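In what comes next, subunit A is part of two complexes: it sits with subunit B in the first one and with subunit C in the second one.
== the complex of A and B ==
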């Protein structure tokens, strides 16, 4: 079935539909991810976005149960150059069938290189819609221009009630701004008994769960829409080893006096080189962010830069000067993506263990 | 039989974490000096100093203490002898400085005691902290480390071997059964 991708600047792209055949509107973003389309599409960080893949072919290995980053994907569409309908033994569903069941429209057979050039030229948000080719175009553009995209994205993806991811090791409270399952998988790998709490959780609610450490998760959207969280984060970091990822990293930075700005060109892909300042070690990591901590605003008495993007020089990791608190902008879980960054989870565990050892030593000496 | 506890990458990360912790516990690094205990402690101290330089853009002086161990005789009471400081020329003044003493393995605490004595003879530091890559337990003196890379609970008949690239051609931590 012929379908159209239209952008608010008036561009139209005619292509073939796959997945759901509904019409949908969202922010059009591009990712350079070469693999793991199912993980990309199910990542809550892509809330309300129509994802353009620069990699030419999607669908070649179907979908499977291991590659879910959330149970209910919240992206608004998938755009690619070529779609191949296929399944394999470990793949119960084709990608198209999966998208259909999740009410996500896809469109293929369009010149994604041209589309990427248009998107790269734009500053800020580009709205777009996927519609039927037979739809009245004038009406569709009117609707697109009139659509106001919500900025309450975290509210859309965060859990409404606390839930556990039980194990027998360290107690972690994870503040859910839109957590990817792979972050939980990393914690499970280290036997963490994790309790996931809504982004609205108060410090007292977190304290009642007696965490050994607190993780502020990744998530979608603009950190300034979450003003209530800054004071909570200040209380968390003063009391527990704290580790933050993505949106959590931006919130942590703002809570400590830094400013976050929108990027002229978002980073979405799997192969960004990042340098660890202390050692000069360079790792290749997945990134997905359109906001960044502004280095000129960084309060040097509070925060120290630990990681930087090599291409752009932007901040990719910070550490608090006084507390066992640190964060990374990139996606350390690498899902999809390289596993170079997963070490930071071990660092978090180490901070927790060192603190526990000290508390135990004090108890013993009493 | 040797069991690898940390490979090269994990050891480097442990040193990075210790560096962060040193920054955390100190308001600024202005008065900071590092003193490594020969042989491997010196290289570990140098690496921490390198990391501090990258992060804070400031040079932290690194000195060394040469202490002779009688580690192999330690368990035989008749042969037991405390470590002796052979050479204690740091090349800088430690008066009113914040000294961080760096060693590879913290065991009985007697080496550290000898190092502390030597430091106090040289000058009166404002404060002395202890950073060790490995704390293997079995202390015989009331000494503890402020910064620990890794706690490794050990038996008395085990030995912790720390390898540093500069001396051993590789980095890593191994646990050996004697």
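== the complex of A and C ==
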């Protein structure tokens, strides 16, 4: 079935539909990920976004249960050059059927490289729609221009009630801004007894759970829409070892007095080289962000920069000078993406252990 | 910088591919005096580029003579293949290098030799709990038979310490085992061999890793063999990026590859071959090759990452992130390349070659083709095969009965693609063919789609829709003409009238997300054309790639031309030439060498002269067609200045 991708700037791309046949509107973004299309599509960080893949072929391995980063994907569309069904016998359903069941429309057969080059030159958010080729074009553009994209994205993806990911190790409270399941998988690998709480959890509620450490998760959207979180985060960091990822990292920075700004060109993909400043080590990591902590606004007596994106110089990691608190902008769990940066999870465990040792030492001396 | 003396002389060992040519070019630009030592240098051409070079057989004695005579500061062995590396190892053992204070740049000799010693390599990996196929060194037949009883057939027998690596012999039963073990004992200079439990039938993948002397390590690229383990990778069809693994599986392979590069202290690059069992989600490391070989060349061409140039700079002690990528304002060699296209490599055979494929290499060369779908990349690769006619894709093999067909599916020959196509025509299903060939069903599905389209389009009218569909699948005007039973210029004319033209996309390694001032292109039929019209002095038409020494000798001329100051464009489908052209200031088209392709490109770059690399290798048809273009035609023999 013929479908059309239209952008705010008037561009149109004619292609074939796959997945669901519904129309949808969202922020059009691109990712350079060459693997992991199912993980990308189910990641809550892509909430309300129409995802354009630079890799030309999608669908080659179908779908599988291991590749879910959330149970309910919230992206608004998938765009690629070629779609193919899979011959993989262990795949329960094709990628197209999966998208159809999740009400996500797809479009293929378009010049995605041309589209990517257009998007890479745009600053800020680009709205777009996937519609039927037969729809009235003028009407579709009117609707597109009139649509105001919601900024309450975290509310869409955060859990509404606390729930456990039980295990026998350290107690972690994870504040859910749209956490990817692979972050939970990583915590499981380290046997953490994790309790995931809604982003609206108060400090008292978190305190009642007696965490050994608190993790502020990744998530979608603009950090400034979560004004109520900053005070809570200040209280958390003053009382518990705290680790933050992605959106969590941006919230942490703002809570400590830094400013976050929008990037001229978003970073979404799996192959970004990042330099670890203390050691000079270069790691290759997955990134998915269109906002960045502005280095010129960094309160130097509170925060130091630990990681930088090699090519652009942007901040990819910070640490608090006084509290056992640190965060990364990139996706250390990969999923999809390399595991070069996974060490930071172990650093978090280490911080927790140091603090526990101190507390035990104090108790014993009493 | 690594070298203190004023001398700045560095010996570069060369072998069959053009890696050494890239190295001497890079070294000159970095202010060093490279001395090239390689077999079969074209002396008259090389004397235009370098003051000092030695064309000789790569033996330890010969090398010793040259080192003694030239007193270099250092040697870069990595482009000299295993022969060159072994020669250096001997010189080091004899004490010559330390006596003359000659450093080895790049991966150290001890690490290199442990990677080439299969038994040592296996043991080191097993100590680290990295899986390798179970293997055992044997010195007599009885041990071999016992091993096979314990681990079951098939097994692979490899002669130890041989310098050329034909790939080992697959033994399906006791009789084959005895024959191959005896042969291995004869071939091995130390009269023993290694026997290995086979992982035939698993997916075979190759990953190329680059590491500098500061432990920064990245994955340059990876490709997947379409043919399963059991067929030598030079004889296999391959595709990049990897198609049938999901992210979790792929990252496992990437992680272990980086780990291996660190374990063996790689300074430069290495190629890692892995067998992957997707049912059990396990892998086995088959081989690690640190020399700049056919796979390195292929990865470099596929990703447009100038591997030879970067390896040379790493050897000089430069950090990956200090090596800027030409054509970009903000990109270094520490960024892993990203592909927004597919590349397919097929082997090239010599005329009439129809032997059964196995673990010993038989291919004479490689061809690579680029497209935006597996169908189009594969189709363009087929079109590029010089000794197959297009007809092979279309012809019914009427003289083969079903039994013979199945035989050829189980025991693949050089023409297996066309046998598979025939099987589809006869109604075999994807699953049946996959069972017989052990080729992943996903690739068979691609061939099925091509055959399905070809069979259907015969009955269609030449129209905008049918031509566009055919072009998107990579089908040439010539094939369309045959399918529709009309003249090829009629197809051209219809296509012209409908304004269906190829669009040229850049291979920038960043999937279009950064401004790239690079000039490598491939053609697809889409909307945006990134190639501007220009006026080139020369358009070079490459020849067939050869895995023998001709490749190196031929590309010397390319270096001379690139260095001449003329505006040069090149059309090539040879991975070695393509990889080499990445360091040169020329415009390269990664395209098949057909009249249609050449015509379309001459429209855009308006060359003054058309230069044919090896006129005698081109078909008579092509030569006469080229005369129709009314452009001056010559051979590659321009002379230019010194490096």
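Just so it is clear, the second predicted complex is superposed on the first by the 365 of 366 C-alpha atoms of A that agree within 3 Å, B and C clash if a C-alpha of one lies under 4 Å from a C-alpha of the other, contacts with A are read in each partner's own complex, and residues count from 1 in each chain.
Convention: a residue touches a chain if its C-beta (ideal position, glycine included) is under 8 Å from a C-beta of that chain, and two chains touch if they have at least 3 such contacts.
This one's a predicted model, so the numbers in the text were calculated from it and none came from an experiment.
Engineer: Would you mind checking which one, subunit B or subunit C, touches more residues on subunit A?
Structural biologist: Answer, by number of touched residues of subunit A: C.
Engineer: So, A:120: does it touch subunit B (first), subunit C (second), both, or neither?
Structural biologist: second
Engineer: Thinking of the overlay built on chain A, is A:343 touched by subunit B (first), by subunit C (second), by both, or by neither?
Structural biologist: first
Engineer: Please indicate which partner A:198 is in contact with in the superposed arrangement: first for subunit B, second for subunit C, both, or neither.
Structural biologist: A:198 sits against neither subunit B nor subunit C.
Engineer: Contact-wise, after the overlay, does A:281 reach subunit B, subunit C, both or neither (first, second, both, neither)?
Structural biologist: Both partners, subunit B and subunit C.
Engineer: If we overlay the two complexes on their shared chain A, which of subunit B and subunit C does A:324 touch? Say first, second, both or neither.
Structural biologist: After superposition on chain A, A:324 lies in contact with subunit B alone.
Engineer: According to the stated criteria, A:169 is in contact with first (subunit B), second (subunit C), both, or neither; which is it?
Structural biologist: A:169 sits against neither subunit B nor subunit C.
Engineer: Does subunit B (first) or subunit C (second) touch A:257, or do both, or does neither?
Structural biologist: neither
Engineer: For A:67, decide between first (touching subunit B), second (touching subunit C), both and neither.
Structural biologist: The answer is second: A:67 touches subunit C but not subunit B.
Engineer: A:82 in the overlay: touching subunit B, subunit C, both, or neither? Say first, second, both or neither.
Structural biologist: In the superposition, A:82 contacts subunit C only.
Engineer: Residue overlap on subunit A between the subunit B contact set and the subunit C contact set?
Structural biologist: The answer is residues 280-281 of subunit A.
Engineer: Touching subunit A in the complex: which residues of subunit C?
Structural biologist: So the residues of subunit C touching subunit A come out as 214-216, 218-219, 241-248, 250-251, 254-255, 258, 320-321, 330-332, 334-342, 372-374, 430, 434, 440-442, 444-445, 503, 505, 510-514, 526-528.
Engineer: Under the definition above, what is the set of subunit B residues touching subunit A in their complex?
Structural biologist: Result: residues 9-10, 12-14, 16-17, 19-21, 23-24, 51, 54-56, 144, 148, 151 of subunit B touch subunit A.
Engineer: What part of subunit A is in contact with subunit B in the complex they form?
Structural biologist: 276-281, 304, 306, 319-324, 326, 343, 346-347, 350-351, 353-354, 357, 361
Engineer: Looking at the complex, which residues from subunit A come into contact with subunit C?
Structural biologist: Residue positions touching the partner: 30, 32, 34-36, 38-39, 54-57, 60-61, 64, 66-67, 81-82, 84-89, 111-114, 116-117, 120, 265, 269, 271-273, 275, 280-282, 284, 310-312, 334-340.
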